[in-house]
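Down below is the structure, laid out as structure tokens.
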Amino acid sequence: MLKNFWYALEFADKVGREPRRATCLGQEFVLYRTEAGTPICLSDLCVHRGGSLSMGTLNGDCIACPYHGWQYDSDGACVKIPANASERKIPRKARVDAYPAVERHGMVWAFLGDLPEDERPPIPDIPQWGDPAFRAVQTEMVIDANYERTFENVVDASHTPFVHGTAFGNPAKPEIPDFRIRSDDWSAEADIQLSPPPPKGLWGWLSRNKPRPEYVTVTNGWYLPNVVKLHVRLPIGDLILYDFNIPLSQDRTLVKILGFRNFFTGAWADRDARKRIEKILLQDRPVVEAQRPELLPFDLSDELHVRSDGLQVAYRRRRAQLIKDGWWVGGDDVVTGGAPQRSATIIASPARRDNPELASAWVHKARNPGDPR
Amino acid sequence: MLKNFWYALEFADKVGREPRRATCLGQEFVLYRTEAGTPICLSDLCVHRGGSLSMGTLNGDCIACPYHGWQYDSDGACVKIPANASERKIPRKARVDAYPAVERHGMVWAFLGDLPEDERPPIPDIPQWGDPAFRAVQTEMVIDANYERTFENVVDASHTPFVHGTAFGNPAKPEIPDFRIRSDDWSAEADIQLSPPPPKGLWGWLSRNKPRPEYVTVTNGWYLPNVVKLHVRLPIGDLILYDFNIPLSQDRTLVKILGFRNFFTGAWADRDARKRIEKILLQDRPVVEAQRPELLPFDLSDELHVRSDGLQVAYRRRRAQLIKDGWWVGGDDVVTGGAPQRSATIIASPARRDNPELASAWVHKARNPGDPR
Amino acid sequence: MLKNFWYALEFADKVGREPRRATCLGQEFVLYRTEAGTPICLSDLCVHRGGSLSMGTLNGDCIACPYHGWQYDSDGACVKIPANASERKIPRKARVDAYPAVERHGMVWAFLGDLPEDERPPIPDIPQWGDPAFRAVQTEMVIDANYERTFENVVDASHTPFVHGTAFGNPAKPEIPDFRIRSDDWSAEADIQLSPPPPKGLWGWLSRNKPRPEYVTVTNGWYLPNVVKLHVRLPIGDLILYDFNIPLSQDRTLVKILGFRNFFTGAWADRDARKRIEKILLQDRPVVEAQRPELLPFDLSDELHVRSDGLQVAYRRRRAQLIKDGWWVGGDDVVTGGAPQRSATIIASPARRDNPELASAWVHKARNPGDPR
């Protein structure tokens, strides 16, 4: 799992004035909005007795721990310890890590890492968000598989005819013509020719008089750390999925999807659009959950790659560099899941690096740059 | 988890002439009474094939393993191997560890360790037991949390207004005035001023004409290894809880409670008293189960303490000494829970130390003084 | 768990033209038959993306992965990669391990190891199979216990009076007269005198006029790696059970049983015969699942043995030799169960040894000869 990235943790309309827990990279966070509507992301772990802040309540822009009522402001500094006499000073160490958070493209994103602002990788663009030509639906599903397995699965065009033969792949024409990859440090994309099956159901009926092309171009792309774009050009219009693969733990993934279409853009067609997306997820799920080893190998030679795996190989190569750079978190130092822990480590937030006078003010130790093996 | 203590393993009236399994410190024991009524506590693990004695049957004062019928007397010595010809001698190694057991204050206690009798820490006093002014109820609940977390939770007065605001805390007045701790090697106690909410339900109705004080004194105390006393002075009388936090495994606790009251001492009020105690447990449970890290840290600096945490800090300091003395059991060498084991280790009973001629007579190895890290 | 043996993985009539998953030694296999009816056993793990072949489909004698449709022939060589242009060559590394498989005695057996044909231990004989004097029933059950625990349990005559006192043991006469063991490198057998209880139910009623002997001879035998024969001589005829203890993981066993009888050989009595066998299994299950430690110890001195345990002690001695020879697989290097893995290791098949030019052609590493500790 990679730190130092912006992670889309929740649909923006799900984050409000009720604290909401988000789990990512094997750590828990609390999300909420200030009275002015700004999204906030704090470590969910009270430094006093490890209470879960997301089970607490908001008091103005502060959040109060459910256990002893300690209140933290939106920068993570504790501003009230109710059991103390009011004249007693709040200890400097009474603070939790606060992670930069923004709302963009219909999602709340948090920067999980300690890089200074100008060194942070970008948030991927989602130009369809807010474009009146497009209509969006949301859907989500928990998959009992590693997030890099579910991520690579969506990047992968060549499984379509076999796993989605009844939905949008064509088992009679599984060959993938060679494609060219456009990539930069944070993403890779390709236009891939797929043979489409005849559309079915509502969409099929409504497009029954349109000619069906021999090939359609599907644009497949990944955006680090965990976003996949899938752009399918149907006879009746464009279907563009943004797929967020959120690592709950090493082997559990929360997949959130924003699905855009520029046809049947009325609310009446939302249910059908959502059902189609969920059908695809349900076809992938048993196959991906059965993959072994459970975790995406580190060595390229641990699996066998062919030409059509180019986007995944590009991901594994880029990942290997980032692991060398110390961006990997994982192995034993996870807070949630697995064996019970005796001490809590967390992902360092920017304040740890930016604010030297706080150097000794942190109760929870930062997770080590992971030795991934 | 600490060895060398008396552990209250079961309510006395639950231990009789049917073998009963008790789990504690990650090890299993069988409890039963002799024909004369004396409580017996043996390691539950037959040395022949690891059968669970508590699934067996009593024969006089002996217990027979359910698997091959080996019979052990109340000192743990095997006295019969049914498959053997009757003239064949019982091997010296055919013995399980027997732990000193007594009935006191309505509980069956077993000494889980090998200290000689005069070096054993005391069983805490429960003066309300047998006092005709008091009426007792029993209750119990399994909590998916570490026993030191549930133990500290009951010791802790300052969570009351937040977690029990609807039961007996007062969220409007959460401040805890400084208190003085009375302690010795095995216990610590303090009188703490809490602001009470108005009592509700049956007790509220029956005390509706009594004046309500601004503060009530709650006496909170811990008794090693795992007992907490909570003495609440209500307008209508005294409610005194003894709370036994039995470690089933590292992260599972069986909480047993003896609850005494000196008001409404008729059986008719038992159900209401039990329900009130269970309500408190059910309020604590989700908060304690969500605490992270799951296990109580060893280093004081892994959490942040304030004045009102004095009793818990005293516990952690005393625990640190006992760990240095080698009283800790834990880590990998647990018999129950977690990964399947290839060999069984058990907590040494006094006979191993008292009886040098038995030195080579033990099949199961004693668990090492735990390196707790 | 021991490699280099023939394992009975499935009842022969359950293996056909639908791929079927079998789990053994903590690894997954796919079983199917060629069009000519020959049973095939391949590693279930596609080398491309770790897809589970047993979720795929047959195409002639080949099996296609459900994920990307790669087709493997019955020797494990990949013969088709659908995403590739048809003129592109199949890489040499596109192959999975194929394990020798045969149908014999009503079971499909696979050789899980890499020994050359002439060094392989034999498949045990089951002379009742195909003998018209005998009628067979099948039954199976999953037991949450280590396979060596369930295996030794069936070898063990002395538990019969205690665990099966209501079925075929006699609790009033539990003594086991000394017996002589006949053994070779791969098996051990003994004729053991047991006192029988009066038969009940249908069999009892039908034999109500036959005299009841004081002792009956039970022939108990084990055949490496995991087969137990239990031959019970009832007043009305012979009941002969072959019991296959298949290790799904370290602590989960699939017990398959072939049960032969030479009385009431009509189909009408099958249901009763199957019920009697299942009753025995259900009596054993709670006792065996409660055994501690969960895994059969490596050191003889970790449990206490008596004369009647001779067959089990012979097994443990023979096992110790095979562990020294490097036939043990286990410990951390299991593919299924337990913690999620980052790389897949598998049991080497004979081709790895027989075919030096394939030395560099294997994607999955072979599991190490286990250091069992």
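In this document, chain identifiers A, B and C correspond to the written order of the chains, with residue numbering beginning at 1 in each.
Going forward, contacts are C-beta pairs under 8 Å (C-beta built on N, C-alpha and C of every residue); 3 or more make two chains touch, one makes a residue touch a chain.
As the structure is a computational prediction, the values presented were derived from the model and not from experiment.
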Copies subunit A and subunit B - rotation angle from C-alpha fit, nearest 5 degrees: 120
Shared interface numbering between subunit C and subunit A [over half = same, under half = different]: different
Between subunit C and subunit A, distance of the C-alpha-averaged centres to the nearest whole Å: 44
Where subunit C touches two or more other chains, by residue: none
Residues of subunit B defined as touching subunit A within the complex: 146, 152, 156, 158-159, 161-163, 171, 174-177, 250-251, 286-287, 290-299, 301-308, 338, 373
Touching residues on subunit A, where the partner in the complex is subunit B: 28, 45, 47-52, 55, 65-69, 81-86, 88, 91, 93-94, 335-336, 339-344, 363-364
